[in-house]
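Structures incoming, each one as structure tokens.
Heads up, the next two complexes both have chain A, just with different partners, chain B and then chain C.
Entry: the complex of A and B
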């Protein structure tokens, strides 16, 4: 039972991690909470759903379209809304408010054009479970976990080993100086939004497959936000660890106590970390000594 | 190589530069001197395109300066900003690699890396430490080296002596001489007039957004009255 719940927790935590990392990346660069991030995930879930259920495209192609579609929507958010605010050197609070506006707009546009109904993906991935001794793991969970592990490993490599990673680490540390060293800031911000949006889209599709697709499903990104704060705002590694901790904790609370208290524990954890270590688990930024 | 003509700049309604004209010739080291608030940093910020001027022209090798900072770096001008602005969460080596960001010539990058490590051996010793853990002097060395890693034709330096012990300032200015000798032109902005003129070929004295006086370093240094009037010591 314990290991069974652990597996379930890792599975849902992985989906949170997909959203939390993009969230953390954007926060680390632009210093604001992108409240539209969850709605990008929601739009990704809808794109995937429409491709599979309406257009009847093969699943892999639908998923790919959802990822790219969410990535493009995420870039458009930056281009059409955030960039103008950044150019004006406005307070980051304005960015957050713009993001909230986008969030409401997206949810309502989906309600208007696609309706408020809950929808379920057709069974593109078999709903079977594989038994390993006493533990049962759904095929979807295995697929989801494998995807998350690959995505997170690639992200880690991207950030620590590539020029792209060097650019965004430098820019998140000091954007003006990074630009003085020849980094084309707008270009890298666009890439980060593409990456974050695609990850969110993947999270949306996986959530949609596991549960249902509906206009407010993006609100689950609140969990990604908590994961990100818990891990240390702006830290990608922190966001991953935080996401798994929250996923596992939620499943354990639901399984061993009651699902009604699930969110209480999640928010309790947030309050606890803010009281004990406000910078989060991985929020030990290297301070400037001189 | 660099020609600035009748440059005007303002922060909101407050004028920071009023008709500044400056020239730097290839291989030269030129100093812009002046007290706090004279507009020296503003001048550099406009050259490196992190600030837009109100009017006036800046040309580099007879071509207009581009409008994005990374394009300015591409054209061969690197600005080492005031207060060093090291990336504290990147190692010394990574900081240097950010400096070389636009380059793809591996051999050239390695050659320049060796060069800055010979100029500042401290940096080599500490290459795997985080930039934020360096002392102020070491950070200034890193800031200059990071700028050199772009292999600039013209290096803009904003107050490299700021907040450093005199012995470190001497060291840094000795090395600036060496960098200049190697063929890199330097435009240095300083409050420390004597130090700056000891390396510069020529100097401009700036006060409240206007160039008050210009001449060779020798001329300016011999005019005690002038230095006292504009620089206060």
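Entry: the complex of A and C
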């Protein structure tokens, strides 16, 4: 039972991790939390769903379209809204309000044009469970875990080993200096939004496969946000660790206490962390939070 | 007056009180919170329980709802107001969601997710009008007082406000508590008008809607908030066909306003006799210029 719950927790934690890294990347560059991130994931899930169920494309192609689509939507958010606000030198609160507006827009766009119904993906991945002794692991969970591990390793390599990663790290440490050193900030911000959006899209598709697709499913990204706060806002590695901890804790609370209080525990954990160690597990800049 | 028109006016009044709370918090102190629907829920449930289970007169339940909202905001503010914008926002959001989850969980007291029924209808047009006048007067006087100027100083530059000797923690707490009291007030009136409340009425969307109204009205303008509330409450009533698209329009409007004209409808200005006079003068000048060109 214990190990079974642990497996379930890791499986859901992996999906949170996909979304949390996007939050962390954007936060580390722009210093604000992108509330519309979860809704980008939701749109990704819908794009994938429409491709598979309506256009009847093969699954791998649909998933790829969903990833790219979510990435493009994420770039558009940045180009059309956030960039203009940054240019105005407006307070960070305006970025958060814009993100809230985008989130409301996306949710209601889907409600108006596609309907508020819950939709389920056709069974593209067999709904079977593999038994390992007394533990059962769904094929879908294995698939999603493998995807998460590959994606996270690639991201880690990208950030630590490539020129792109170096540029992003430089920009997140000091954007003005980085741009004086000849880094094209806007270009890298666009790339980061593409990356974050695609990760969110992947998370959305995996969530859609595991559960259902509906207009408010983006609210799950709150958990991802909490995960990235837990790990230290702006730290990608922290976000991944935080996501797994949150996922595992949620499964344990629903399994051993009661599922009704699951969210209460998650938010309680958030407040506790902010009080005890506001910078999170891997956070760096303490002085401007306290 | 027909019952329908009366109902719409009562609804506008209740919304104005809730939005004024957010306006003080977000427009004048620049604290962005998602918790106001949670405070509305606390006000609504507290007053409903006081009226039905303890047979209290309406005024006591109303004050009780506001009082409990204030107490909780004090405790929450103590914990979270020291945090930076994003962190503060997420904790208020967590608070709002926790309130909803707790109300659903405490089934024997609150009726759980099915809702709380059998509240007597005590909110009349008269009470709402008095409440709105009182709420506007208090907000106006607060913002024009020394306290209000301190809040505006925090909005413009928190570090500078701190440096000139404003106790920023205390004034942020003041703003947060006033905003919670307004939300509790609106919630209590709401509960005693609709006679039936469920936790879903006070979810995240409600908080977003309150903030959206403030942004459309203009951050830093009380009259802007009042006008925006009136228009946004009337709109779906007058144009039934747009009711379904309401939230979509709100979302688009907020994104457009915050990117193109961050001051909103009435940013930093109040609607007053002198403002109208200035506007008329400007229009006349524009016409004169045009004539001269012609």
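FYI, the second predicted complex is superposed on the first by the 283 of 290 C-alpha atoms of A that agree within 3 Å, B and C clash if a C-alpha of one lies under 4 Å from a C-alpha of the other, contacts with A are read in each partner's own complex, and residues count from 1 in each chain.
Please note the rule applied: a residue touches a chain if its C-beta (ideal position, glycine included) is under 8 Å from a C-beta of that chain, and two chains touch if they have at least 3 such contacts.
Computed from a predicted model, the values in this text were never measured in an experiment.
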| task | Look at A:225 in the shared chain and tell me whether it touches chain B only, chain C only, both, or neither; answer first, second, both or neither. | result | second
| query | Is A:108 touching the first partner chain B, the second partner chain C, both, or neither of them? | reply | second
| query | Is A:133 contacted by the first partner chain B, the second partner chain C, both or neither? | reply | neither
| Touch check for A:275: first (chain B), second (chain C), both, or neither? | second
| task | Going by the touch definition up top, name the partner, chain B or chain C, that contacts more of chain A. | result | C
| note | Check: chain A residues flagged as touching chain B and also chain C 288-290
| request: Please name which positions on chain A make contact with chain C in the complex. | output: 27, 32-33, 80-81, 84-85, 88, 90-94, 96-98, 100-109, 111-112, 219, 222, 225-226, 229, 233, 260-261, 263-264, 266-268, 270-271, 274-275, 278, 288-290
| note | chain B partner, complex, touching residues on chain A are 163, 166-167, 169-170, 173-174, 176-185, 285-290
| Inside the complex, what are the residues of chain C that reach chain A? | 26, 30, 32, 79-80, 82-87, 89-91, 93-95, 97-98, 101-102, 104-105, 204-205, 208, 211-212, 215, 244-245, 247-248, 250-255, 258-260, 262
| query | Can you list the residues on chain B that touch chain A in the complex? | reply | 48, 50, 68-70, 73-74, 78-79, 81, 84-90, 94, 97-99, 101-102, 130-136, 138-139, 146-147, 150
